[in-house]
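If you scroll down you'll find the structure; I have some questions about it.
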Amino acid sequence: MKTAITPARAAEMIPDGASLLIGGFMGVGTPNRLIDALVAVGRKDLTVIANDTAKPGVGIGKLISAGAVSHVVASHIGLNPETQAKMISGELTVELVPQGTLVERIRAGGVGLGGVLTPTGVGTPVEEGKDKIEIDGTTYLLERPIKADFALIAAKQCDYVGNLEYTLTAHNFNPVMALAGRKVIAEPDHILPIGAIPPDAVKTPGVLVHYILERKH
Amino acid sequence: MKTAITPARAAEMIPDGASLLIGGFMGVGTPNRLIDALVAVGRKDLTVIANDTAKPGVGIGKLISAGAVSHVVASHIGLNPETQAKMISGELTVELVPQGTLVERIRAGGVGLGGVLTPTGVGTPVEEGKDKIEIDGTTYLLERPIKADFALIAAKQCDYVGNLEYTLTAHNFNPVMALAGRKVIAEPDHILPIGAIPPDAVKTPGVLVHYILERKH
Amino acid sequence: MDAKERIARRVALEVEEGTLVNLGIGLPSLVANYLPADVHVYFQAENGVIGLGARPPEGMEDRDLTDAGGGFVTAVPGAASIDSAMSFGLIRGGHLDMTVLGGLQVDERGYLANWMVPGKMVPGMGGAMDLVQGARKVVVAMVHAAKGSPKIVPECTLPLTAMRRVSLIVTEMCVIEPTEAGLVLRELAEGVSVEDVRAVTSAALILEGEPKVMPLA
Amino acid sequence: MDAKERIARRVALEVEEGTLVNLGIGLPSLVANYLPADVHVYFQAENGVIGLGARPPEGMEDRDLTDAGGGFVTAVPGAASIDSAMSFGLIRGGHLDMTVLGGLQVDERGYLANWMVPGKMVPGMGGAMDLVQGARKVVVAMVHAAKGSPKIVPECTLPLTAMRRVSLIVTEMCVIEPTEAGLVLRELAEGVSVEDVRAVTSAALILEGEPKVMPLA
C-alpha cells in the first residue's frame, strides 16, 4: 500500500535546489498538478530534466515562467521563448541532449549502468568534453547516467500499491524516469483498487513508486 | 500485414550455422513449434543465445539433444546435464554470461548502442579479456552488444500486423530479443485481427516482426 | 505547384510499401499527403506512437494522442503505443526504414546540418541527431537555396547533425544522391537545367550521364 | 529444529515491511515460510514477476507462471509481469531491497563465492552476480561448514560472485556481519559458544562485546 498525498504535501517534500525528472513531451503526459503545486509554494533553483520545456503557460513552461528553475537538461527548448530568453539573460542554464541520448542516460541511471555508448552526436558539438570509445571500428560517445532527487510521473491510472499504466503518446519519458528518481511521485488520473490492473498491463511496477498523488478534487 | 508461415517453412529459412536468439526461461515462454521444426529438419552447427538450455526434452533442450547446436551463449546450463556433457566432450562450446548482462547486451545490439557498462562481473572470472572503464570512481566492464541472424519469439498473441503481447513469466527475454534479430519470427498462441490488440497493450510493435508462425493445427 | 508541394510529391515516391517512416515537422510532414493509394506504411512520431494518423475529427481530439509538435493526431488500426526508450531504440537500432528531414546545409560528403545557427536562438536538436544517425534511409527535403544563397555547399559551415552520409537530397529543382565520390545529380525538375542548379549550388556536382526528369506522380 | 529451518527463521527476521525481496533457490526459498504475519513484502522472481506467491492449487497451475527454477507459482493481487530487462534493471539499479542467497565461501572482506567450483560441472552464474552486485542488502544463508570444513575463510579460494561486501551471513550457529574492519560475530545460536564457531571457521572473527542470542521468532 502506498500513501496518497496532496499536491501541497508533495511540493513541501521537494526542497529548493532539488533535481527533478519530469515526464512529458510538449505538455502531454506531464504531471500538471505537481507542477502547479511547486509554482504555488514558490520553489526556486530547481534542476529540471525533461524532454522539453513545453510552452509558456503549459506544463513545465509554468515552472520556467515562475522563475523556479535554474538549470534545464532537455532535448528541445525551441517552442518556449521564455526558456530561451532566460538562458540568454543568464537566469538559467541549459544542457541540450539528443532525445535518444537523454532517455538512455536516464535509463542507465535507473538500471545501474555506468553510462551509455551511443554513436549519436559524434562529429557534432554534442561530443565536446566527452570521452570517445572506438568499438569494432565505430566511434561512440560515452554519455553519463542521470539520476535525480525526485521523479514526477504522470500516469493514466494506478492501483493502491502504485502499479502504473500509461496511454498512447502520454507514455514518453514517464516509464524510464520512474526508474531514476530517488523518490518517485506518481500523478495518476485514476486510482484503482488492488487487482484492477492485471499484472500484464503494468508498465511501472509499484515497487518503484514512493508516493501517489491523491485523487483530483 | 505480415505473412503467416508454417514451422517447416521457418526451419527452411534458417540455415545450418545460423545464430539464433531464442526466448524463454527454463522452457517457459519458449517457441516450441519452431524448435521442433529445427530438430525435424536436422539443423546443425547453430549458435543459440538464450537464458538457459532448459532440460533434456524441454524447449531448447531438444536442440541440444539433437546435436543441432555448436555454440551456446547463456547465463545458466546447470539444469541440463546434456549441455554440460557435450561441453566437456567438446561437442559444443559455452559462453556463460551473467543474466542481467546477457539481457542488456542483447538490448544494446537491438537499439544501436556500442556496448554495456556494467559493474556486474568485476573481480570475477567474467572480467577476463574485457576492457574495464572507471567512471566516477566505480569500475565497469565493457560488454559487447549481441545481435543474431534470427530471433525466435514466443508470444501470447499477435495481430495481423505482428504486434505482440506476452503474459506473466513468459515475457522474460522475448521482448528484448525481438529487437536484436536480423529476422524476427514470432510464434504466438493466438492470432487476432487488426485492432483486437489495443495500442497500449502492445509490447513488441509489429514493425519488428518479420514472420508469424501460422496457427497450430 | 509550389516548391514545397513539388518536393513533397517527389519524396513520396521514395516511400516503400510496408515500411516504418518518420516525417519531420514542417515541409517533411507534407509527404504523407502524396503517398500512392497502394502504398501502406506506418508513420512513427518520436514522442511515442507507431501508426500515426491524420488529424482527428472536430471534437474527437484526445489530449494524450499528439504528434511530436504537440498537435492532435489519430492512430490507425494496428497502432502501437511506445515509450521514448523504445521509440529511440527503434530509431538508433536501425529499425526505422526512412526519415524525411528539413535541412539548413548539406555538403559534398553528404553531411547534414539542420539544427542550429550559431549566434541565433538554439532550439535544441530534439530527435534529429538520432534520426540522422540511425534511420536506414535519410532523405533531406528542402528548398534548394536560401534567397539565392547556396545550401548545398562544399563543406557545412553550420554545426553538423551527424557524421553520416544522407541517402538523398530532394529540392524543388533536382534530386541529388550523395555517394562515396561526391554529390551525383540524378534528376532535374522539368524546365530546370544543370546550369540553373549549378548557379545556386556551391558544392561540386557529379554528372553520371544525363539526369532524368524528376517525376512527381 | 534442523539447521536449515533455524537459518530460514533467523533470515525471516531481516525482512522489512513493504520491501522487494528476491529469494534464491533451495535454502533461501524457505525464508518465505517464516515471515511474521504482519510483514507484507513483494517477492521477485528474476524470471519476471513481482509479487510471487505460493504454489497454486492442484489443477490450477499455469505453464506461463513459474519461478526461476521453472516450478509453478501463483501471483499475489497487485502483482506485475516484467521482462528480463526490467527484472535486472530493478536488481542492478538498486531497487531490490534484499536478496537471500546460498554460499560456498564468504571471506574476511565479506566477499561471496557461490557459483562455481573449478574442475566441477559449471552450471553458470544465472542471476547471482547481478543480485550480489545490485541488491541493497545481501544476506548469505548457508550451513556453517561443509562436513567440518570451513566455508567462512580468510580469502575466498573459489571464484568470486562479486567484489561487493555482503550485508549479513546467517548460519545455524551464528550471525556474522561483514564490516570494513572484518567479520563481526553478532549473534550465537542458543547453546553455541564462540569457541564452537571458531572451531569450524578459518576466518578471523571480531567480537564487539558479548554476542547476542540468535532469535528465531
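For reference, chains read A, B, C and D in written order, and residue numbers begin at 1 within each chain.
Note that in this section contacts are C-beta pairs under 8 Å (C-beta built on N, C-alpha and C of every residue); 3 or more make two chains touch, one makes a residue touch a chain.
Every value quoted in this text rests on a predicted model; they were computed, and no experiment measured them.
Asker: Can you check which chain pair, B-C or B-D, has more C-beta pairs in contact?
Answerer: B-D
Asker: When the centre of a chain is set as the mean of its C-alpha atoms, what distance in Å lies between chain A and chain D?
Answerer: Going by mean C-alpha positions, chain A sits 35 Å from chain D.
Asker: With chain centres defined as C-alpha means, what is the inter-centre distance between chain C and chain D in Å?
Answerer: Computed from C-alpha means, the inter-chain centre distance equals 55 Å.
Asker: With centres defined as the mean C-alpha position, give me the chain B-chain D separation in Å.
Answerer: Chain B and chain D have C-alpha centres separated by 29 Å.
Asker: In chain D, what residues contact two or more other chains?
Answerer: In chain D, residues 49, 75, 81-82, 85, 88, 92, 134 touch at least two other chains, as defined above.
Asker: Any chance you could list the residues of chain B touching two or more other chains?
Answerer: Within chain B, the residues that touch at least two other chains are 104, 107, 111-113, 118-119, 166-168, 199-200.
Asker: Dump the list of chain pairs that touch, please.
Answerer: A-B, A-C, A-D, B-C, B-D
Asker: Under the stated contact criterion, what part of chain A meets chain B in this complex?
Answerer: So the residues of chain A touching chain B come out as 104, 108, 111-119, 133, 135, 138, 140, 142, 144, 165-168, 199-201.
Asker: Taking the touch rule as given, give the residues of chain C at its contact with chain B in the complex, in rising order.
Answerer: Residues 18, 20, 42, 49-51, 75, 77-82, 85-86, 88-90, 92-95, 134 of chain C touch chain B in their complex.
Asker: Across the complex, what residues on chain A touch chain D?
Answerer: 1, 107, 110-113, 159-161, 163, 179, 194-195, 199-200, 202, 205-208
Asker: In the complex, go through chain B and note every residue touching chain D.
Answerer: Residues 25-29, 51-52, 54-55, 74-79, 81, 84, 96, 98-101, 103-104, 107, 118-126, 156, 166-176, 203.
Asker: Can you list the residues on chain D that touch chain B in the complex?
Answerer: 45-49, 62-70, 75, 81-85, 88, 91-92, 111, 116, 121-130, 133-134, 159-163
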